[in-house]
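Chain lettering (A, B and C) follows the sequence in which the chains are written, and residue indices restart at 1 in each chain.
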Amino acid sequence: MKIVVAIKQVPERDAQIHVTADGKWIDESDLNYAINEPDAYALEEALQLKEKNGGEVVVVCAGPERVTSTLREALAKGADRAIHIEADDLGQRDTLGVAQILADAVKTESPDLILTGLQSDDLGLGQTGVVLAELLGVPHATIIMQVELVDGGLKVKRELEDGWFQHVQMPLPALLTIQSGGNKLRYATLMGIKKAKTKETKTVTSSTAAGAQAVTLERVYLPEKQKKTEMLTGTPAEIAAKLVEKLKFEVRVI
Amino acid sequence: MVAGSLVALVGSRYAGSILLSGLSVSASLAEPERFSWPEAGLVVVCVLASATLFFWRFGPILRAIVHSKKDADFSLQPIGRRVWDFVWEVLCQAKVIKQRPLPGLAHAFVFWGFLAFALVSLNHLATGIRLGFLPPSSYVGGFYFLFAAAWALLVAVSIFGLFVRRFFVRPIWLGKKISYESGFIAFLIFLLMVTYLAAFFVDEGGAAVKALWWTHTLALLVFLPLIPHTKHLHLVLSPLTVFLKRDGFSKIPPLAGDEDFGLVAGKDVTQLISLQAYSCVECGRCTEHCPASTTGKVLNPKEIILGMRSYLNEFGPASEMSLLTEGRVTSPDNPPAKYMSMEAAFECTTCGSCEYQCPVGIQHVPIIVGMRRGATNTGIWEDTYGTKLFLALEKNGNALGLSATERDKFIQKQALPIFDGTQEYCLWLGCMGGYDPKGREIIADFARVMNHLGTTFGVLKKEKCTGDPARRLGNDLVFQTMAEFGLKALETAKVQKIVAICPHCVRTIANDWREYGIAPEIEHHSEFMARYKDRLPKQASGESIVYHDPCYLGRYQDVYEEPREIVARAGTLVEAPRSHERSFCCGAGGGLAFLGEESGERVSHVRASELAGTGAQIVGTACPFCNTMFRDALSAVSTTPPQLLDIAQLTARALPETQEMSK
Amino acid sequence: MSGVLVVMEQRAGTWNKMSFEALAAGQLLAAKLGVGVGAAVVGDGLQTLGAWSSSGKVDAAFAVEHALLTEYTADGYMAALEQLIKRLAPAYVLFPHTYQVRDFAPALATRFKQVLISDVIAIHDGPVFVRQLLQGKLNADYRQTGDGPCFVSVQAGTFRAEEQQNTAVAMEIFTPTLESTQIRNKPGELFRESAQTVDLSVAPVIVSVGRGIGEQENIGIVEELAAALGAELAASRPICDNGWLPMERQVGSSGQTVSPKLYLAVGISGAIQHLVGMKGSKAVVAINKDENAPIFEVADYGVVGDLFEVVPALTRAVLAAKS
């Protein structure tokens, strides 16, 4: 079974954020980059499926030169091949634009299954996978916790609100967006890194130039509210009343 | 101790001759009358047979050792140290005696006796082939044989005592099984001494002399071939083992080349490890002091070494068979190896008690870490907490998996200066100092002490973990990343001197990082403060403070007195029952602070009980990990637990500035 | 093209409450633009939803019904809504940002060569839609720059649905054309995980107890609070070590890692080994008598006080609010 995993390289989760002078994006000069965490779970799922059912895992990533390090990490964890879609202009592409160049690269591989994380740690739109499925014309399912290969296709476990789950039967080829935490991630080993040196990374150019966007990110800015601890004071009864109000309207658990 | 032995030597010689003359026997050894040619021929045949048997048994062992992988980083330099270790540990039997005084001394007598007997045995056999060169009637001969007789007495008494200890007292560290072989060999040694001594009491030239001669010879020749396959191989190997030990304590050798992932199979076992495995005397001193073994875990350092020996005997040094049992296919015919297992290997806190006191120079820690490397570097170690730790180090650069901004917040809140090249010291926070509430308190207090002393310091803007837990757990990939990052950060910031509150940081930066570069000099805050102890407040509180020696400061770096000097200025120093190089681990080392629940008794609780049991009012620590481990442990073992304070906190509380602030 | 169309959500005859929040957002947007607002809901046998009412105006409402839409499938819903949108030609299509919407709305937008502006937290004049980036560290303004309907989904809890709904809404039936071959996935029954083992990692609300509780007998008051909140009970390590609560309830570096919507820490100091297990919580409330306890550094709401007084008071207040 050939599995393609579409991964994204994003700024480190705990990086310090500084908005550029023109307010268009953040200052990237001091940033470290890492694999988008939900994509790491997608890769883990792909590797486990390969270990169970045999086949090949190909990782695909679009972006500038620096994304090759994330591809190498993926190879070190066990992926067989990597495809780097050269694109220095991801900032000028909307979801549809990015999904288009991914789709064109993935199409050439004719995979049985495409996996991706359910959303990215930076933009968090949570759509690329679904749009990709639509462009490729394959059925999809989102927020998947478990994947099982069965006769005639897949049986997947989908997460819903409030602790509900659902199994879905799907034909192949298909696309799934994977939820974090479904599997235990593996760590990159020394042996993996050494083996990665011998695996193929293919570089391709973007199939289309960045065109007009349907939706544009106009500007970014820091939210006014920063996290501060609000201390509640008064008699126990007063504190209780204030807390209940917070839990009801701010935290929304009552 | 050496002087004492010399006195004993000389004294016994005189005592011997006085005794013998008092018994009115000739104070000289009766030699058998000249051997006939057929007799001499018989002697030659016996000697040859014995030697052949010996080499037939020793050959495979020698082959196993020589055919093992070469140690890539081995060097005979510094030769001086090796010679000193040889003299001190082998010739003077220092470790043997120090760690178990009475049995140790008995063994030392047996050893020295054997050395003293060298000429005797040589002459004895030479006599058998008509080439005796030391006549008892000569002045040298007369002196020497009496001298040897004194030793024979000592050896006989000692071996008898050791026999009683092994077979009647039965200390558990020697193992539960009765070793008939040991008993037989003890008997042989006893027989050798008795037959020698008896020769002083019989008439020259009689049949008795011949009989004694043959008994003595046969005892010797039977003993020889028994050596290779018993623990008595250490007679041959251990002087070499001690001399060739890897330089440095708990020294983890660098990986050699692209195919080296640690100790995966026999083919990865190096010559030093093979030599050490065959040198083990099974004395059990390592197990006796191992925190894991004494709290009910599977890990038993002695069994690891013996397991290595069994492996080499069964599979050889070129084998691809996995060292650890989890890597093998087991069946009823091929049951799992209990001790050579991932479970055992990952219970080690790397406290170093085993390696520190091994009298034959076995270095356990690199072997255990080597096996961990084999499991972690190849990915077969699947542990939830271990994986979490490695991912945390990769992503967040600290072992706790917290955002690096938490460290920044602490620096801001505490107003710690940033290192900009103008200050004298770089204060290394470490993971505990940067993220743990208690570790942060220690940093804050130490910063106060440095300010009081007028020492300029700064902290690095961006600091990642030294990689110590990854190193000890065998993940060379993560360790390399951390080490290279750290070296670069220190170089870029132009740091010349570092001071840290955590012995793990100090050891890792000073030693383990050498594989990737040389870091600026680094010292522990106890060493720093001890230098200025006269300027630190002398507290008249009179509180009793029991000081706990951290493994990574004590055994690893030989820093024992400096922290004590600081404790002595803060109160009355109290020693724990096991202190200095015998200090008992807190349980956090070897990456274990980050792994899950431990089986058996909690190591931290055992030590906490010991510390609380001294009745001291305060437990003084010098390591933030020890501090964390004892925090919960002391409350768990005592309803009125002693206070727990780092040496920096003990000092800072009495600083005039602190007193001002609390007014 | 004109107007705002709000797509609401139901399952098996019960509304997903977020639908009304999306409706409120749609009404807000429509008012800003001075255009009409319509609503639509997809399914089958929608008369079981019963009559519903809105507090603001709804110019038209559609029940998109078809036998093949009884169960949610992306293929079915997309095909149906595609047809409705083509018929109505709204300028804006709004959704509540539910699990279900995340599953099909992006692909639906693709069919119109659009991109869904998802998980919006505010609508400003323009219209400019505000989203959060980098796990809430940054806000971003999005604007539609292409032609065609603009697809937007709104975050839960950002647009308050009014309590009173007073204008009754009548729905027009819209029957899309669907073939069973269009529907490629076969969804199964909904189920919950077995309740035997405690899986704190999926609990939405956790009440956690630490050493401040003092004695084992006192845990009862925390249990009552947990019951009142419908929360799972958890504990820091010393409590589990003493055997007062089972090990599986331990949160921390050697226990479970949790990320609930609410983590209520009672009598927990906030030692690092505990913090690493709950730092992913969306909201943290801490009750501790020590104002310097490290737990307050990660808490959104803190109470410095005696838990033996605050906790029972809180339990009473919660029960009162829920009744």
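One rule holds for everything that comes next: contacts are C-beta pairs under 8 Å (C-beta built on N, C-alpha and C of every residue); 3 or more make two chains touch, one makes a residue touch a chain.
Computed from a predicted structure; not experimentally measured.
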item	value
Chain at maximum distance from subunit A, centres defined as averaged CA atoms	B
Pair of chains joined by the greatest number of C-beta pairs in contact	A-C
Approximate Å spacing (C-alpha centroids) for the pair subunit A, subunit C	21
Intercentroid distance (Cα basis), subunit B paired with subunit A, Å	49
Cα-centroid distance, subunit B relative to subunit C, in whole angstrom	59
Where subunit A touches two or more other chains, by residue	13
Subunit C contact footprint on subunit A (complex, rising order)	11, 13, 17, 19, 26, 94-96, 99, 118, 121-127, 130-131, 133-135, 139-143, 159-171, 181, 212-223, 227, 229-233, 236-237, 239-241, 243-244, 246-248, 250-254
Touching residues on subunit C, where the partner in the complex is subunit B	237-238, 241, 247, 253-254, 270-273, 275-276, 279, 294
Touching residues (chain side subunit B, partner subunit C) in the complex	385, 400-402, 435-438, 594-597, 628, 631-632, 635-636
Contacting residues of subunit C [partner subunit A, same complex]	74-75, 98-100, 102-104, 106-107, 109-111, 113-119, 128, 131-146, 148, 150, 156-157, 184-193, 201-202, 204-205, 229, 261-262, 282-283, 285, 296-297, 299-306, 309-310, 312-314, 316-318, 320-322
Contact footprint of subunit B on subunit A as seen in their complex	12-14, 16, 34, 184-194
